[in-house]
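As structure tokens, here come the structures.
Each of the two complexes below includes subunit A, the first together with subunit B, the second together with subunit C.
Presenting the complex of A and B:
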């Protein structure tokens, strides 16, 4: 899961794989604004074949939170 | 396009795309967008990239999917930037005098508005759309205003299908309900777009049908972000925009070159015999017959067909002449190479015979080896492989974007017939020893007419965009630039040609501008299908005489070398122009000609008609 999330963050935000830690959040990446948050959500849905509810979308506010939510959707860690 | 010999920056951009057959993810698209932005920031774009500034008038959220747009255009070799109008603000932006649309120097304007925001009550099963024209009027007039005020290309998206609604079956029983209003509205849209020469329709409705509305839309995105499309749905939409621009700016292919055995029929005619091959009558023969029928339709749209096949010519000729199920006839092919030479050599010789550049061709074969060989020797030829499963064959041609057209001109329709006439003409030429004898028996006729904005715009722009070889300056004036030149008093003339073998239509164009009162030949071009009849000399002579009669004493001209126009490198010096050391444009060689001695011996072979206006003409001979 880390590998695939790292790929998305590197594609969308140009973040290196090493920098893509669980603590990474919108505070650390200027481009991770509300518009790119939707791009990120759609990228995650595209990559993992899941669909998040509007409430879940708001909660995806760090790489760690994304991993936890994906695990809830049955994606292997 | 071969990536072996191209600019490394271009190769790096192309390397960001996933391998063929793998989907392009949003993360890939975002990386491509960053690369395009960095290329646009550099001094010069690597060829064949072309920059494209897009404005978008929209009634939906697009922001999160902008990377997809940039990537779709990059896939078609456009380095695009996009500026979005305010959400739902399009009517104001079209009408306002200080609109971003008019100030921004955009090449393209995309209009993407949902049916729901144009037609009130679409979700009401009892709504009556009997007066749909009235309900659509405001939006259609908005499009008229865009056409009037925006000088670039406008792409108008039509309405996609409606989502599920209450009372669906009730609506289906009522012809005036919203269920049928969308289709009727799309007809009105298509009719209005057709009225504007610089406007194209993006058929969202078709795209949604192809992948299914449930896949195309995302109710979650709509509810949370006013963004109706799914990620895959929007990818289809922006690829369609890029394809439309690709066709608009680069033009269609011109010639489809076909293998025969296992491509136009199943089996090997040289071994199985004419009655042993499978064509028509059940699977898989019906698929090949359908493929032939599609090729015939493309021929009727003006694409040329040619054969490049390892066969004895007599064997394939027998199929085209005698097989009961063949749709294509021998005469449908503008060139035939049925021999045992390499297919790459045959491609070169077909290109020479038809006088076309390699980028004009699409080569279709079932054999991957032959395709690789042609790709290697002629990298700019687009190649497509006949699928191993014959039932997929009827889908092949529709996947090739450049086997499509945005408009069919009368000249296009005549083109296939013209090449046939050309073959007969070559046969005549072989029997004539001297060029003068040859010309004098052709019964050449040239008609010269001043450019008429309504009647000639489409053809004139087509000539400007497509003529590569006999083109002194290769200035690719757009429709709006051409209209501006006409408006500013430039002399713009078109010449059409006919001889006893056929009518070639309007084949030459000249633009003379008058900066500082001195006539200067901005553009002089002739379609290469008219070469070999001294028509270029006749046209120039008529222009020189016309300027002389108008009291002018000199004509300035330029030759700007390109990769393709060596054929006219000496044209000016051979026609009494003297080179001088001036510099009108970079790379250009400047010439000037005294208009006192304008006549030429070429008049002996031509009957020239000069049309001065729509209803008056005088004949000179």
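Presenting the complex of A and C:
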């Protein structure tokens, strides 16, 4: 899961795989705005074959939170 | 952060007022309705055409975002389906980065509520909402813009988007006061190869409201349009109600038989950002079978000319109406009036081979009369 999330963050925000830690959040990435958040959500849904509810979308506010939410959707860590 | 999307009810009106206050304090110009009942198209049990308001609420108390969803029946390849229109999405993220994700949440909620959904207008390519819907995979394209200058003096003296430098203002004033502008417009029309329809058999009636004759027009027209909002008399009475005196509802007949209609506006502006102090004519909405479209445009232009407008503008997506406008001497200009269709709606249109210029959409299909 980490590898695939890292790939998405690298493509979207230019973040290196090493920098893609669980603590990484919009506070650390200037470009992580509403448009990029939506792009991130669409990319995660496509990559992992899941569908987040609208209420979950706003909770995807760090790499750690994304991993936890994907695990809730049955994606293996 | 626990932010949930809920339908707007009376208990959240004070929270919306506080939300609007925070937006204003942050320098935003947008705000949302402080009444939970939509002023335009309020829901009624007997109606399939209505507006619904949603709020993004944090911890069941603080409003962090909002949007409106219009539900409307469309005729798509002869089948009637309810389609959504997303309007006025606003997120606290525009003044507080901590809520940037709320914008994404609102868009996704709208898509889940109504997978067959579109946005119209959107304010142009540079607006955040346009970037958002593109990010969600929506197809975005401009709805062509048409204009015809009727009174060159008023046009040249007021068109702010062209009077954007001292030299241009001087030149346009010179053209206005010398009569050069009038000559120029006449020359354009003289050398343009437009062909006006024969208006001798046409009659025009200004009506207070749409009645049974509009149903006849709709029944005849519907098969000619692959994608078109239902425009029967009952729907038109809701969209352009008799009590709203701003609308000019025009019935066009040929040899005594109603062939089409148009809804027009003649609006006096003062200090408008584009139109200055112009008297602007707008062809808001139209319907006729394709062979009669030029007759409707011809009559609309004549009527607005009698209303002494300086300029007539319209946005029309269907090839039939674009051709009719050109035939009647309208010119095209750059359009910032965008149509965005969700992935599901785009797929549905593609399945029926309904490309952009086969969709009948105009300013009558937008998010309300306030934006006309």
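Here, the second predicted complex is superposed on the first by the 77 of 77 C-alpha atoms of A that agree within 3 Å, B and C clash if a C-alpha of one lies under 4 Å from a C-alpha of the other, contacts with A are read in each partner's own complex, and residues count from 1 in each chain.
Note that in this section a residue touches a chain if its C-beta (ideal position, glycine included) is under 8 Å from a C-beta of that chain, and two chains touch if they have at least 3 such contacts.
Every value quoted in this text rests on a predicted model; they were computed, and no experiment measured them.
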| item | value |
| --- | --- |
| First (subunit B), second (subunit C), both or neither touched by A:35 | both |
| First (subunit B), second (subunit C), both or neither touched by A:7 | first |
| Contacts of A:59 with subunit B and subunit C, given as first, second, both or neither | second |
| First, second, both or neither for A:47, with subunit B first and subunit C second | first |
| Subunit B versus subunit C as contact partner of A:26, first or second or both or neither | second |
| Contact residues common to both interfaces of subunit A (with subunit B and with subunit C) | 35-36, 38-39, 42, 53-54, 57 |
| Residues on subunit C engaged by subunit A in the complex (per definition of touch) | 1-5, 56, 91, 93, 97-98, 100-109, 112, 128, 131-132, 135-137 |
| Residue ranges of subunit A touching subunit C (in the complex, touch as defined) | 26, 32-39, 41-42, 52-55, 57-61 |
| In the complex with subunit A, residue positions of subunit B that touch it | 25-31, 34, 63-65, 67, 220-221, 223-225, 227, 231 |
| In the complex with subunit B, residue positions of subunit A that touch it | 7-8, 10-14, 35-36, 38-39, 42-43, 45-47, 51, 53-54, 57 |
